[in-house]
Every structure is written in structure tokens, then in C-alpha cells.
Amino acid sequence: MIDLNADLGESFGSFVVGRDAELIPLLTSANVACGFHAGDPRVMDRTVRACREAGVAVGAHPSFPDLVGFGRRVLDVTAHEAETDVLYQVAALAGFCRRHGMGVRHVKPHGALYNQANRSPELARGIAAGIAGCDPGLVLVCQPGTELALAGEAAGLTVAFEGFVDRAYNPDGTLVSRSIEGSVYHDPGRATEQALRMITEGTVVALDGTVVDVRVDTLCAHGDNPEAVAFLGALRDRLAAAGVQVRPLREVLAARGA
Amino acid sequence: MIDLNADLGESFGSFVVGRDAELIPLLTSANVACGFHAGDPRVMDRTVRACREAGVAVGAHPSFPDLVGFGRRVLDVTAHEAETDVLYQVAALAGFCRRHGMGVRHVKPHGALYNQANRSPELARGIAAGIAGCDPGLVLVCQPGTELALAGEAAGLTVAFEGFVDRAYNPDGTLVSRSIEGSVYHDPGRATEQALRMITEGTVVALDGTVVDVRVDTLCAHGDNPEAVAFLGALRDRLAAAGVQVRPLREVLAARGA
Amino acid sequence: MIDLNADLGESFGSFVVGRDAELIPLLTSANVACGFHAGDPRVMDRTVRACREAGVAVGAHPSFPDLVGFGRRVLDVTAHEAETDVLYQVAALAGFCRRHGMGVRHVKPHGALYNQANRSPELARGIAAGIAGCDPGLVLVCQPGTELALAGEAAGLTVAFEGFVDRAYNPDGTLVSRSIEGSVYHDPGRATEQALRMITEGTVVALDGTVVDVRVDTLCAHGDNPEAVAFLGALRDRLAAAGVQVRPLREVLAARGA
Amino acid sequence: MIDLNADLGESFGSFVVGRDAELIPLLTSANVACGFHAGDPRVMDRTVRACREAGVAVGAHPSFPDLVGFGRRVLDVTAHEAETDVLYQVAALAGFCRRHGMGVRHVKPHGALYNQANRSPELARGIAAGIAGCDPGLVLVCQPGTELALAGEAAGLTVAFEGFVDRAYNPDGTLVSRSIEGSVYHDPGRATEQALRMITEGTVVALDGTVVDVRVDTLCAHGDNPEAVAFLGALRDRLAAAGVQVRPLREVLAARGA
């Protein structure tokens, strides 16, 4: 079993981003922008409604406060600033979920906040505290072996691990930087095989050939990739053929005893 | 019985506004800014904590999105824009309340949003829908006889009515515009007598001498007034001498059968 | 002779809007967003550079401060607020023009600021003062017969009048509201004929058949219209066939003795 | 001869910061906030006017875009982002200066932008390019021996060096971090003596006793210090007694042949 997640609701006012309507039917989890890097109250409202109608679980996708930078630039915040910024964003999204008769299920930090929290214990601690302060039942989605994963566990959160299907891995389980040749796969076949291996064997072959253990509860599809829709469709077909069920994250976690 | 409310948490980042620490012990309800005209996640967090420690009920104080104008300028929004902006702000504050083991009790729109909703049915409807969408158990604080009061009732919200102690009234129960001589009282005695009359007789004497019926569940003290602290102390003494109890809004409403 | 203008540089950060690269070769004047409704310093820089390379005159396109509303909502500002907001935006754009060895030539207010200034003398006066305060040599682009045109003249600015080729007119020379059937033309032929008549005869046929006098120095092409590029090409061909020269606004104004 | 500078215009909307009216008569140069960490178009307008009336030279005080953090947090921007953000801010201020019949004289980056540019060649290069792109005649105010000073010189800008009177120095000429005991002087006498020694001998005694060479063209008085006004008065008296003239920065630089 595996969950499929993507970032949604990243439009802002008149500024339209992404192909949400096409992606939603292919997902089981949506990471919804909360206004700090994208998303505004109208976008949040209609994104949550669309997820509700499609039976897709809603998660929060909080960011550094940086609309013009789309949350892709590191801001040197304190743990307390991260905690309160995350709490604010997750709670705001929770309001739209309540309005539509559902709840926020998970939190996945966005962009530079996510990347920086992989290696900064302080930042990771702040993020985890913000999530737990809002609702200790929320699931933190992150990469295994990171500071963010450790901080989530220390804060008593359920932690779900995500894998990337179109990105090359380092031997330590981190992603190869986008600036390095071969870091991003353009071959759908290769990506699909990496996904399948992660799910069925719990391993990934790093760029140098090392076989690395990776537990994967959810796979991330980048919604801003123009081929994301076609790619997700192919992945779903391949997973079905291999007998892998695409299921909501809470079922995946329950099956793992998490 | 009467509730006493004031606007709190109107600092923003390094910009400090108000004398919250001195006001809190004198209040039973706080209207806490939610980031759109003032307030940021750190300010919201510490304001809610301070209210929690003092036993003051927390309400949301949503605004038009206008930090540089402090929410005092009318923005021509649709009902849906008002609804979603209010929902976002109230929900964000609710997160900080959950973190501190309490809930949001009421909502009082701020500044131009409050004033404009007195006379615009569309805007009032949007605000009421945003509050009800977040939590139908929230109390809407507004002036009696306004479009906002009507919209709140139509949306199924409990509506609490507020009176102003330092402002002159028109014969129709609205406030005399600040631009008119005599609209703002500078004499604490006069203000205290107006407060007492509103509570004990349910009437106010308008600027032209007309006696107007006004139901009052809560009295508003303007926290940005430099004399607010001294004034609130005097008011509390006078109310005590007259046998009026200052109690949380929910008790006042329960006593009225609201 | 006629000038052709369109709104450019309305992207913001990662949010991409418009087809600037295709529009620029067809224009003689660009109205460049200045950060309040769209545009950011990077977008402004590359838009000004592209205009410089194509020989297109650069104008400022200031707005109410309303990124999420794209400047399309009226904000109830004072004349002084409008003046200083306009001055800030025009001056910021002037910096990018200096960097690229050119100057700001004209100012055309955006969206709700433009529409509201047609009928509000206070707002119009503030806008005109902001433009004149920045540089009294700037040309104000607006519609004839409006409060904005009057305020521009009173402030000593050169005023250029613009006509709309794809919009129906009222008998008083104002535009028919978009909410009314027939207000927006979808037939390029009709739009082109209206343009030609405005230029060669100085008149437009209103929706009710009245022939209205309109002086037109520049024609506005809406860049957010998906057919804008094809339409502008057809208009240029038709104008050339009719012997109308498309020239920079300053030449058009000089020829008129303005 | 020495110039005295302070940060002014750091209010924002209704949020009031600083004691500008009392500081202005004591200064020869003002660093005026440009809207990214503080300051708004109204604040900029009245600050420039007040400087004009008092004969104080106006400089721009650009920042990272971080209103809620008051520009005190490092944002990981590219050189191009810094360049365009600085250009936008300096140019916007230049508009208010033109309106009041004066020009921007200098640029001093604010807060984290200033500190980070001391050690980041990339960031320093971007800042210098932004200043030069706006007006190559602008003076860059910074600390001697920093990457910012080098980048300013490489960009062809006149560079003026500033000294801090109430802060302890390291042996390499940098400031001792505020987190270290003794880094900030609370004794006006000690601060005044440090100022005098910097001006008359061109040296400062570091915290460890080392005598360090420092060229100083302007002294910075922190306006957010509650004692700044009293302190600046005392400094002026002491400088007068020692025969040091307080003169506009351009005269100080001219006397040094800069």
C-alpha cells in the first residue's frame, strides 16, 4: 500500500498556478498552501472543497513567509518564530476543513522550510512544536533520517515518510541537489521503477549504485511539473499491475502499525 | 451583569501598540487581532497566553487585509471575500487558543469591517457566514439594530450586543461620527453614568436628548485611548458600587437566556 | 497617428501572468506594474529591459495596495494616501528606467484606482499630485471628460486620452459596465472599425446609437485577453491600410500640439 | 570633521517607532526606511520633509523584505534579488526627495542586510549594483574592511565609513556580537571617548586592548535607544569642546579627498 501526495492550492488571487483539477483525481493526499508562499482564503476554500468532493485527504503545506519568493528562500527564523508561523498556517487551514466537514490530516512543510528542517534541529523542533500545538493527532510528512523526522517523533507526532520518484538519491538517503547532472529523472520508466522498488523492497539505488534502505509511506508527485498528470497516471497503472494499492495515508500508516 | 471587552494584541513584530498587560486584569473579554490589521503569530501567541493566565475570554478581531491602514479603510470586497477572510483569521486564532487549552469564544470585527457591516447586508452576511463556517457556537459581538446583528441571527449565531461608554449616540442607536463635536466623551463621570444607565435601564440618552432603548451585554473600552486603564478602573468601581457584576460574556448571555 | 498601449509586467515572483514577449513588438507604450497589484523588482527590471530593447516607451501602472485582489477592489483612501502611494510606485519604476538608460514617460492608474478616479475628484487630485510630485513632465493617460483628466490638467500635467477598442461606450463617453450584455466586443472587425473611427473621425457610436465625440491619443489593448496578440496584429494591419501611423505617444501628443 | 547619522522614518502606518522629531536637530544625515522593514509612503514623505526643513541630508535605508521581522533576519537572496530590491527601495525614496526639492545623498543597508553584506561578497555585490544602477553618484555608508566596502569601491561608488560609539570592537575592526558581555556601552562617557578617539586619532581600542585603525567619516547613533537623544546631545557638546566640527557627509568626504 502507498499514499500519493502533491502540492495543491498554490494559486494566489488572480495568479493561477498548477493543474489542480486534473491532479486531484490521481491523489490520495493533498498538501494545501496556507497563504505564506501561495494560497489565499478563496484558494484554500475551493481547494479544500475540491479535495472533499474527490475524497482526497487534506494536509497543510506551511512555508516561510515569502510570497514573492514562493517560499523557496531560507529565512533565518528562531524556533519560536517557526513554531508560531506553522501553528498559524495549519490552524487557518483547519478552519476551511471544518467548514467543509473534514479535518486536516497531515502537515508537510514547503520548499525552503522543508529542506532547511532536514538539517536544522532548531528549526525542526519549532515546526514540530507548531504542529503538535495545533493538534497532536496530525501526521508529519517528511523524509526518513532527517532532523525533521527526529523532531516530529520527539514531539509525539506520528511521522510518515515520503519518497521521491523523479529524483536521484545520495548514499545517505538525502536527495541529490538539483544542480547536479542526473539529479532529476526525465524518464518515466526509471521513476516508476524507483517508486516500485521503494514500496516493495524498501530500498532505493543511490546515484553511485549503493542500495539504501528507505521506508516510504507516501510518494510525492511535483504538481508544478508539466508532465505530472501524465506521469501520475502511468505510475498508478504500474502500481496496480504490481498489486500495490494506492490508499489514504492513515490506512497506510495503520497497516504499518504506525 | 455586564461583560467588559477591549481590543488586544494589536502590536506587530517590533511595532508595539497598546498597554495590554495593564488592561488584561480589568477585562472579561479580549478581542485579539489576527494578523490582517495588526497582530502576528508571536503577538497572538503571547496575547492568548496572557488572557489564559488572567482568566479573560478570548475572541477574534478580524479585519480587512490592510496592515498599513490598520484596518480603518473600507475595502470593497464581495461577501465571499469577507467570509473567507474572516474564516481564515478566526481559525488561525483558534489554533493559538487550542495550544493554550482554551477556545475562541466570540468574534468582533475590527475597524472599517465592523462599521461597514453595520449598514451593508452583503458584507454582514459574508462575515456571519465566515464565523459560522469556522464554529457555529461562536458569539458575534456587534451593535443592536445593525445589518451585522441581523446577519448573525440569520446565520444562527448567538449575538451579543455591545455598548460604548465614551461615545455619544444618535436617536437611531448608532454612534455619532467622530467628526462631530461632542461625539467623544472626555469626562469619565459622564461615560460611567452612560454605562450604568445602559446596564440598569437598557437606555441611552442620545445627543439630541432622545431616550433610546439599547440592550447591552458587553461594554467596549478602547484600548488605544491613553486613559483607558484609569478609566476602566473607575468604571469597575462605579459598577461595583451600583451592584453590577462584571462577568464573562457567556454568563451574561446565559442570564439573559440568549 | 496613434499610440498603442497595454499593461505589462503583471507577473509576481513565481506567478506568471500575460504574454509580454509577444505583446511588446506590437506596442508603442507599456504600462508597467509597480509592485502594489502585481510586479516585483525582478519583474520590473526585466520588463523595462525588454521595453528598452524593443523601443517601447515605459509608463508606470500604479495601483491600490492590493496584491491578492490584483488592484481590482476599491480601497477608501484619502487624497494624501493616493498621492503618496502613486509617488512611491512611479518613483520605484523610475529607478529601473534609469538603470536601463531611459525615463518613465507616462502614468496610467490600474484597475479600481483608474475607475474610481474617473468619478472621485478627491482621489483624482491625489493621483495627479503624486505624479506631478515625482516628475511634472510625466504624461497622464486617462479617459476624456473624467475627474482624473480634470485633475491632471489642474496639476499642470500633459494629459493623453485613451480609447478602448473592444468595449462599448455610453452616450456620455464612459464605458458600458462589463456586467451588461454587449459591453465587450468579441468580433475583431467591430473593434477595429471602432478604433479606426475614433482615430480618423474622433467619434464613437455608443451602445444606443448616439455618436459621441472622443479625442483619442492612444488605444488600450488588454493584455490579459487571450486573443490580445492576434487582435493587435489585425489592428495594426488595418491601421496601416487606412494610412494611420502607430507612433510613440510623445509624437502623437506633439502632432496635436499637446 | 564628522557626520552624525541615525535611522529615521521607521514607523509604519499606525505603528509609531522612534523619536524622530527630537533626533533630527542633532543629526547631519538620516537613513530613511523605504517600506521593506518599516516606513510607508506617508512616513517617507513626512520624514523627508522634516529632514528638508532641518537641513539634514537624506539617505536610503533599504532592507530585506521582512516587515514582521523588522529586517533583522537574514533571507537567503541571490545577488540579483538584492540588487533589484535595493534599487526599488532607493528609487522610491528618491521620488519623495524630488518632491521636496532635494536628492538622496547616501545609502546605508539596514539590519540583517547590512550585517550579512559585511561578509558575503555575493550579497555585497548585489547591493552595490542596485545603488549604482539607481544613481552612481550615491555614497555607500558601511564599515571599513568589509565585503560591502570592497563591493562599493568595485562598483565605482564613493564609500563612507561609519563608526559605532556605543559598541565594543573586535581586533579585526568588526563589532563584538551583542550576545557577548560588554559589547554594548551603557556609559556615555566611554562612548564619547571612543567617538573622539576614532575621529582625532583614527583608532579604536578593541575589547582585548588591541589598538585598531579605523577611518571614520560618520558616526552612527541608534535611534531606537531610549537614551539616544540625551546621548547625542552630550556627544555634540564633547565634540564641540574638542574642536571637532559636525558637518554634512559630503563635506567630510570632500575634506578627505574622497
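Think of it as A, B, C and D in the order they're written, each chain with its own count starting at 1.
Everything below uses one rule, namely that a residue touches a chain if its C-beta (ideal position, glycine included) is under 8 Å from a C-beta of that chain, and two chains touch if they have at least 3 such contacts.
Model, not experiment: these values are computed from the prediction.
Identification of common neighbours of chain C and chain D yields A, B.
Residue numbering at the chain A/chain C interface overlaps substantially, since over half of the positions present are found in both copies.
Note: centroid distance chain B to chain C, computed from Cα atoms, is 43 Å.
Taking each chain's centre as the average of its CA atoms, chain A and chain B sit 40 Å apart.
Under the contact definition stated at the top, the residues of chain B that touch 2 or more other chains are 68-69, 81. Chain A makes touch with chain D in their complex at residues 65-66, 68-69, 73-77, 81, 112.
Chain contact summary for the complex, chain D toward chain C: residues 35, 41-42, 44-45, 80-81, 84-85, 87-96, 98-99, 133-135.
Those residues of chain B whose C-beta lies close enough to touch chain D in the complex are 12-17, 38, 40, 67-70, 72.
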